[in-house]
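In what follows, chain A forms one complex with chain B and a second complex with chain C.
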Partner chain A sequence: MPYKYKVYKLIFAFFSFIAMSLVYILLGFILYKGFSFISFELIFSDTNAIDALLLKQRVFDGIFPAIIGTFMLIILALSFSLIFGFASGIYLSIYAKNSTKRIVNLCFELLASVPSILIGLFFLLLSIYLHDKFQANFMPSLLLASLALGILIMPYLVQNTRLSLDNIPKDIKQIGINLGLSPTQNLFKVLLPYCSKELLSGIFLSLGRACEDTAVIMLTGAVASAGIAASVFDRFEALPFYIYYLSTNYADEKELSQAFAASLILLFIALFLFLLTKIIQKKFRNYYGYN
Partner chain B sequence: MNNIFPRVLLIITFISSAFVFCIFLLLAILCFDLFDSNIINNFFGMVWSVEEEKYGIILPFLGTLIISILSLIIAFIFSFCICSYIFLNKYKTINIFLEKSMLLMASVPTVIYAFAALFTFVPFISTYINGSSTLSILVASITLSLLLIPTMGLLFLNSFRTLSSKYENTCLHLGLSKEQFFYQFILKNSIPHMLSAVILAMARAVGDTMIVLMLAGNALSMPNSILDSARSLTSHIALIFANDYSSLSFKAIFLCAFLLLCSNFILILSIKYIQRKCNAI
Partner chain C sequence: MVTINNLSLSFEDKKIFENINLHIEKNKITVIIGPSGVGKTSLLLCLNQMIKHDAKPIIKGQILYTFKGIKTDLNSLKENELYELRKEIIYVSQHPDLLPLSIYENLAFFAKAHNIPNYEEKINEVLKKVYLYEEVKDNLYMDASKLSGGQQQRLILARAFLLNPKVLLLDEPTASLNEELALKIEKMLQNQKMTIVIISHFKSQVKNLADKIYRF
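On to the complex of A and B.
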């Protein structure tokens, strides 16, 4: 009955249209408001932009500290999780036996499913415990937040590393071994250079995941106004928390427009990292001719 | 070198995969401390009042359940329709547009969805539908469903495409039209995959913090309709005052967190179970 199927298809088209229009209303609203408000004054307040960029002058009342805070945060988080992510991914793909593989994979899947707020809570409780028992100065700070974010993005890195090593064609995996390389030599001389671009795309993917997360940093040291953090033991500002804080506590139009500008910038950072990931992956696949 | 390197990797892998157990154990130990004492009755109830020292965590649990199920239903309708339309439609530009939009949605930060919805959906709904408060379960669920569309949709599309690449030629040569092939073959055979995608989206919905925190209103009372405000487990954790660590209200957080973690683990393990059953068939 083609008549019935046509009705179904119309219903599908209708709901797709509604979903897409909802999404683009939200994104378009942010783009429209963000572009109409954004200005150098909102970002740098009344400080000179070049002085602020060279860290000569401190910016107090702008978005600039939050942008720098976000970048510091995601780079620190990446540096914490990079070794763990790559090492685990390589081990799972190259060295692990099947039974180990299954159990460890399950662990990482469970870790990936833990709500981000619980990771934040875990580190908050850890800092309270350490403070009580050992008088350690491990209070919420940039260090704690980036450790927590590092744990949050680790499963993505592991998964990406494992899959990109697994996807290498079998003849390339075997050729080094047959020519007399040991598995470790083969890994460093053949396999890792072969999939280096894929690994790079995994890094950008996890950076994108790190820059958007708010719940973790909310409990582990993000504050609304702190300037640029001078050391890793200071509290810090970050874009997502800044948006959340201003959306509930804005006092006047200027602060609201700051929130719009901040969300525009955050959206662009997230989209940029995402696009970078996709472009690298696509180039890599075209270049090596699979998929 | 050849022996040391894999061992170092093994140790690092062991440490990094043990994090999830650390989180679980810490929360479990904190909760078992509560079970020993006789204050446990304060936590299981429908009442939240500081004067009576009753901190019922059933309310935020119900809030989580209502919001996530409602948003799951909306998101299922949306993502199923989008994927079916992509599959049945012949025009390439529309298909590419829909697919790229889903990918784009996956990369948008949740706080931006919530922030934009606060200034678009919330005024819209409060002008046209009169509720008790401007922030409501309905707004939170609709916005949350946008977050879930890519999670579900990309998996749906993947399972449709895998099945069709295997069986399309066979079925079309047997005389089915493309529509019949879709409705009578693909939909029936992709039910287990769709189920696991729905459960994955459920885990995502239960774990999301920002949208519920910013849009659901966070009232600690029993919601009467979907236009009332409610509080979820995640936003309850997010709203703690971090200066009274020994109080009972802070200890209620541990139970919330443990409940959240367990429900997430159950969801993920059930996905594993479904997938194993699928493979066995």
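On to the complex of A and C.
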């Protein structure tokens, strides 16, 4: 083996090892600090777990409402942004002319680079404006926060869909057309199933992004203690905000440890979403028969 | 069946070929021969209009073909008519273009998309036709990319037969096959009652197959 090859291999392996170690140190630290504090009490406080799960009793001091709030938030945010993200990505990759492609692409890239606090601020001001101008009942709420989060994750969905379609080999793109499929049939029967794995990965990454963002939701409806939102027009609790709130306002070591335990639960949610994505990816591939 | 009148093809400044005149007869085999790079494949791609896909060629002349019962110049067809045309005039590439599916699914996929009746039975039939059935009958659900180059080439030929085209365009269909198989495929093609246009570099194949030869 040439000497240079070994040197480069060593350098790249070193940096890769450092990067990997940092991630594991971070995860290990949260695990160490938070794992022993994960308990039924942390989640449900002194409320009966079954009653809480069946929504018969409200949980006051536990993070159960924040967990439910997080799920509601990301599901709503995804449902607002998914169709726009997919449709825009497909348009950019398949239908748009190069000049249009450049302009629309630039818009989504700019949107992706907007700090989330600005998106939160925009939606907060929008709700105030609508309230003042039209007496609209569009105050900070689960709906407003979901819309803002939807806007936040949309560029990721657009770019992921576009890149997934762009990266399909030319041969695969042409088989259907060459054998008499219309571009629409080719899109739905060949191209989208072919890149379903990448599309679902994009959804997972977007969900992860929506899951962890605090800046947007703290301005648009998340509060420390609201219970489970009865409707989308109510304020809500969410884990990232709970973690932020506890870690900046903790009264004692126990509360700080609770923040670490909540962080760990947030990580478990991300892991759950990751595994769910993998299962759905496999089902999709099996359904379409793609190898 | 197809009449080509003064057909010229170029891309911006690059001329591909000029003034081609050719009559492709029904249920006969027309063999196209010529040195590499003269535009043989491009000529086939003009016939099913794939030349226009993802490119803006300058095409002059006519390709007359009875499409939907009317004698039509294929160069004047609209985009939405081309899909129907490509169901009738099928091009089989010299490089096997398969979907990342199993052998069976690669055949069934397009049969389903084109609503071919009883395609399940026809799949075995076409695999037998291209002498592939015996080799794959126990592994029909194996990834098609695991087949050898020659087997893949026969699989795309089987796929074309399954779709039952009116005109079959074959671009060096036996290039990856051994001599024995190539001869079998040639014989099979001779026995088809189908309009076939073949690009070939093999003198013996030209001699065996050609009802008509077009030399570039």
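Assume the second predicted complex is superposed on the first by the 237 of 291 C-alpha atoms of A that agree within 3 Å, B and C clash if a C-alpha of one lies under 4 Å from a C-alpha of the other, contacts with A are read in each partner's own complex, and residues count from 1 in each chain.
In this text, contacts are C-beta pairs under 8 Å (C-beta built on N, C-alpha and C of every residue); 3 or more make two chains touch, one makes a residue touch a chain.
It should be emphasised that the depicted structure is a prediction, and the values quoted were computed from it without experimental measurement.
Novice: Is A:182 touching anything from chain B or chain C once the two structures are fitted on A? First, second, both or neither.
Specialist: After superposition on chain A, A:182 lies in contact with both partners, chain B and chain C.
Novice: More residues of chain A are touched by which partner: chain B or chain C?
Specialist: So, of the two partners, B touches more residues of chain A.
Novice: Applying the document's definition of touch, where does A:50 land relative to chain B and chain C: first, second, both, or neither?
Specialist: Neither partner.
Novice: Scan A:7 for contacts with chain B and chain C and give back first, second, both or neither.
Specialist: neither
Novice: Quick check for you: in the superposed arrangement, does A:243 touch first (chain B), second (chain C), both or neither?
Specialist: A:243 sits against chain B, while chain C stays out of touch.
Novice: Please indicate which partner A:190 is in contact with in the superposed arrangement: first for chain B, second for chain C, both, or neither.
Specialist: After superposition on chain A, A:190 lies in contact with chain C alone.
Novice: So, A:224: does it touch chain B (first), chain C (second), both, or neither?
Specialist: neither
Novice: Between chain B and chain C, whom does A:279 touch in the aligned arrangement: first, second, both, or neither?
Specialist: So A:279 meets neither chain B nor chain C here.
Novice: Which parts of chain A are in contact with chain B and also with chain C?
Specialist: 182
Novice: Report the residues of chain A in contact with chain B in the complex, numbered from low to high.
Specialist: Residues of chain A touching chain B: 2, 5, 8-9, 11-16, 18-20, 22-27, 29-30, 33, 83-85, 87-88, 90-92, 95-96, 104, 106-111, 113-119, 121-122, 124-126, 128, 151, 154, 158, 182-184, 208, 211-212, 214-215, 218-219, 240, 243-244, 247-248, 259, 263, 266-267, 270-271, 273-274, 278.
Novice: Within their complex, state which residues of chain B touch chain A.
Specialist: Touching chain A from chain B are residues 1-2, 5-6, 8-10, 12-13, 15-23, 26-27, 30, 77-79, 81-82, 84-85, 88-89, 98, 101, 103-120, 142-143, 146, 149, 177, 179, 183, 203, 206-210, 213-214, 234, 237-238, 242, 245, 253, 257, 260-261, 264-265, 267-268, 272.
Novice: Okay, in this complex, where on chain C does chain A touch?
Specialist: Per the touch definition, chain C meets chain A at residues 48, 50, 53-54, 80, 83-87, 90-91, 93, 95, 97-102, 105, 109-110, 113-114, 143, 145, 159, 163.
Novice: Spell out the residues on chain A that touch chain C in their complex, using ranges where they run on.
Specialist: By the definition above, chain A touches chain C via 171-172, 174-182, 185, 189-190, 194, 289-291.
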